[in-house]
Amino acid sequence: MKRGFYIGRFQPYHEGHQYVLEQIAKEVDEIVIGIGSAEISHTLDNPFTAGERVLMITRSLAGLSCPFYVIPIEDIKRNALWVSHVLSMTPPFDLCYSSNPLVVRLFTEAGVPVKSPAMYERRTRSGTEIRKRMLNGKVWKRLVPAPVVDVLDEIDGVARLRQIARDDGEA
Amino acid sequence: MKRGFYIGRFQPYHEGHQYVLEQIAKEVDEIVIGIGSAEISHTLDNPFTAGERVLMITRSLAGLSCPFYVIPIEDIKRNALWVSHVLSMTPPFDLCYSSNPLVVRLFTEAGVPVKSPAMYERRTRSGTEIRKRMLNGKVWKRLVPAPVVDVLDEIDGVARLRQIARDDGEA
Amino acid sequence: MKRGFYIGRFQPYHEGHQYVLEQIAKEVDEIVIGIGSAEISHTLDNPFTAGERVLMITRSLAGLSCPFYVIPIEDIKRNALWVSHVLSMTPPFDLCYSSNPLVVRLFTEAGVPVKSPAMYERRTRSGTEIRKRMLNGKVWKRLVPAPVVDVLDEIDGVARLRQIARDDGEA
Amino acid sequence: MKRGFYIGRFQPYHEGHQYVLEQIAKEVDEIVIGIGSAEISHTLDNPFTAGERVLMITRSLAGLSCPFYVIPIEDIKRNALWVSHVLSMTPPFDLCYSSNPLVVRLFTEAGVPVKSPAMYERRTRSGTEIRKRMLNGKVWKRLVPAPVVDVLDEIDGVARLRQIARDDGEA
Amino acid sequence: MKRGFYIGRFQPYHEGHQYVLEQIAKEVDEIVIGIGSAEISHTLDNPFTAGERVLMITRSLAGLSCPFYVIPIEDIKRNALWVSHVLSMTPPFDLCYSSNPLVVRLFTEAGVPVKSPAMYERRTRSGTEIRKRMLNGKVWKRLVPAPVVDVLDEIDGVARLRQIARDDGEA
Amino acid sequence: MKRGFYIGRFQPYHEGHQYVLEQIAKEVDEIVIGIGSAEISHTLDNPFTAGERVLMITRSLAGLSCPFYVIPIEDIKRNALWVSHVLSMTPPFDLCYSSNPLVVRLFTEAGVPVKSPAMYERRTRSGTEIRKRMLNGKVWKRLVPAPVVDVLDEIDGVARLRQIARDDGEA
């Protein structure tokens, strides 16, 4: 039994994540998916709650060939403790898949094997790009799995992002 | 689509939880299972990590007729905010199943419908009772689903509980 | 201009507090009333929210001869920082009225003058006693100012206390 | 009895706030004024403590036609919990007055009615503008109610802001 | 270069600690001494601040044959993260000396070697016992190194403990 | 007995710090050195843990003429409480040496004497400058005491800084 770990903020979950997870599914028996910054929502960079992200991920992966766990992980705000924090919240895993330099460094220093997954259409399959398109009224739906569009409709997600983006000129 | 919420500390997950969840599975389309006090472990009342509890629950419910989510929920330590905290970490649900008076009160004040599930062999299907038996070397394995015994074996759970129970006489 | 500080948890506000504040009103120009453990509610020892306690106090003191401020103060959980915390949340004051040994010690170590107010019918004008009477269905309304009874009616306070006092036998 | 809620950081309290509160006073029976980011002080954007801000507001509103509460509210740092946090610290209110897009969104999602108050001389009646003028030695006293000038004198507020604005070139 | 770690709350530092550290000094090249619950003070079980405890320890060990570090360590309140927390606050060490069952368990699970030091006059060389004697006016000075008596005199430590032990009958 | 306090983040400890401490050593009997932002590590501005910084400082000051304490101090994130926090973690001191405007202001408001130490080669003896040189492969070793080079070698410090500086293009 080999278990792999993959973490992201999934704001929102998109085709790039989906592609990576489909590749990982070919290499391990089970996948543990961590939702980072779980306690943050309703901000420009993190508009959606952990629960909403659980829903996006679970529905999009309904047909995945390998079993997976979706685990919200709150920020611990201390890098030196972060790996222990992740390990305490997740079923034990054998390796971590990540391209994030800090994540790679922290797991490596902790002695957990790390593998960088192949990416897919990096420029557009990106949370930053998709949130920008949502704000500017540009095309974004084809960059995310169809179930994500449904979840965002249900929670009125694009309107939320646009409203909190308004500036009232005060600081 | 009707979703039900059930929360516990699952220290450890036992036949009483299993029975309740099997009953709930007959009444809803999906179950959201919250693991309370997720950040606490290695204490007499809370010996197991959230990740270990995720594993116990997921394996025990492998044959459940209805889809379920298992979500670790860290303590927020402010009762007046706890329902919002739970709601932010979970997919939206329609009703909460609980017999805990505080949980019942908090969800009721927040306007979420609450239902008290039927219990099963209350006296022995109890985390307190099972931890006591583990400590005293009494029979406990038949009080939990078989996969929980496997998980506890893998993580050396009973030895952990016994070691932290030792008293070194200092305070 | 002489300002005095008085702090309590006010769970609930009662005739003992009212008596003390009426005495203090004779000695200072303005009173700063701190509501301690402001973030705690819905527990046996702290059933009411800070906002509910603000209401009880403000209404009960409507006829007080001297101006007052009612300030919720969250626990800081570090005694050595507590006086600084209080000072940062309140308008500046000249002396503190308190009989609580820890409060007396902390303000004294910080160089703030402390005075112990005369008490009134200590045995029954006590939060512990009043909550016990609420739980046991005994007479309590004559131990609190009339506006407190109104507030507790509005928020269904006694029912809340009784519900969270129920025991479901689990730990 | 109709109660309205208004929140700001009041760094410092100025004529713009005063104007808005005078308008709200015509529409409700009582006003609850929340002081946001209550725990923050001695920074460029938040130079004054909650207690200092309580004083500025209370003195400036001494002649207001309608009763008001001034409540320091510490940041909870989780947007999804913020409305519950505010509600737990304040007497119950019927509607919220705010032009801040995030505040509007959060109360709206929580089902609390929100009304955007008319503004007054937006460009100069602004905390950002007033702090900038204090730093640069420009005219600012006519932008705040007279009692605010007194409070800032008492606490040596402008000197504090200028001192923490100095740069020692290190990061 | 071999470095050993020893942790305690040192409320107060006593002859038992001194004896253990003198034994450890014979076995390692440097000692890292962690002061646990560093942020807690002014309570019955933890009367003294971290800074006061730094002073007691450093002065008592002035003649120790081996170099040592004294490091205040704040509680992290999550057992699964505690070893990482300790490791981030201390110079790297090769083994931990402890008789505390939880400390032993946590370091062992983290793969850090643990050794139980020989104790010295366990019954009286105990923080609990010494605080009890201070409260009851019994002999305690001969149970601690002479410099600890000096520090406690300077900070008025016994009077502090006695004052916070007074009961004002309220909860 | 005169004790002086000096605080920095020491990311890393460099010749500028060393120079200042050698000057302070001529003016006081003991020095208390506070390591600020102790809980932060593995970031671009704060790459090293508190324990690593304890090691850099202690080894570099091995030959200092006056005794010193090295105390990690976690951020308290509330400026109004920061001085009390520092005082609770450190042995009592008589004056603070600092050029940081906020530190100067906070200690001054708290009534603690502050003295600005003479600086040494400000432009290059700077944490910001040294971290930049580490990142860009420029000369930095002669800007820090020799023992700091050794510590950074042992902990693979420059490689850590470079790895976390990599950009994966996602936010």
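The first chain written gets the first letter, and so on, giving A, B, C, D, E and F; residue counts start at 1 in each chain.
The rule is short, and it goes like this: a residue touches a chain if its C-beta (ideal position, glycine included) is under 8 Å from a C-beta of that chain, and two chains touch if they have at least 3 such contacts.
Values in this document were obtained by computation on a predicted structure and should not be read as measured data.
Student: Quick one: which chains contact chain A and chain D both?
Tutor: B, F
Student: Among C-F, A-D or A-B, whose interface repeats C-E's (more than half the contact pairs identical)?
Tutor: A-D
Student: State the pair with the higher C-beta contact count; candidates are A-F and E-F.
Tutor: Pair with the higher count of C-beta contacts: E-F.
Student: When chain C meets its copy chain F, do both sides use mostly the same residue numbers (more than half shared) or mostly different ones?
Tutor: Copies use mostly the same positions to touch.
Student: For chain B and chain F, what's the span in angstrom between their mean Cα positions?
Tutor: Centres of chain B and chain F (C-alpha means) sit 45 Å apart.
Student: Averaging over Cα atoms per chain, report the distance between chain B and chain C in Å.
Tutor: Whole-Å distance between the two chain centres: 36.
Student: Per the centroid of Cα atoms for each chain, what is the distance between chain C and chain D, given in Å?
Tutor: Their C-alpha centroids are separated by 26 Å.
Student: Tell me, which residues of chain D touch at least two other chains?
Tutor: 39, 41, 49, 78, 80, 87-88
Student: By the document's touch definition, which label belongs to this structure's chain graph: line, ring, star, complete, or other?
Tutor: Looks like something else, not a line, ring, star or complete graph.
Student: Judged by the touch rule stated earlier, which pairs of chains are there in contact?
Tutor: Inter-chain contacts occur between A-B, A-D, A-E, A-F, B-C, B-D, B-E, C-D, C-E, C-F, D-F, E-F.
Student: Over in the complex, which chain F residues touch chain E? Could you list them?
Tutor: For this pair, the touching residues of chain F are 38-39, 41, 49-52, 54-55, 58, 69-72, 74, 87-92.
Student: Touching chain D in the complex: which residues of chain F?
Tutor: Chain F residues touching chain D: 45, 77-80, 99-102, 104-106, 109, 122, 126-128.
Student: Could you list, by residue number, the parts of chain E that touch chain C in their complex?
Tutor: Chain E reaches chain C through residues 39-43, 49, 160, 163-171.
Student: State the interface residues of chain D toward chain B in the complex, per the touch definition above.
Tutor: 76, 78, 80-81, 83-85, 87-88
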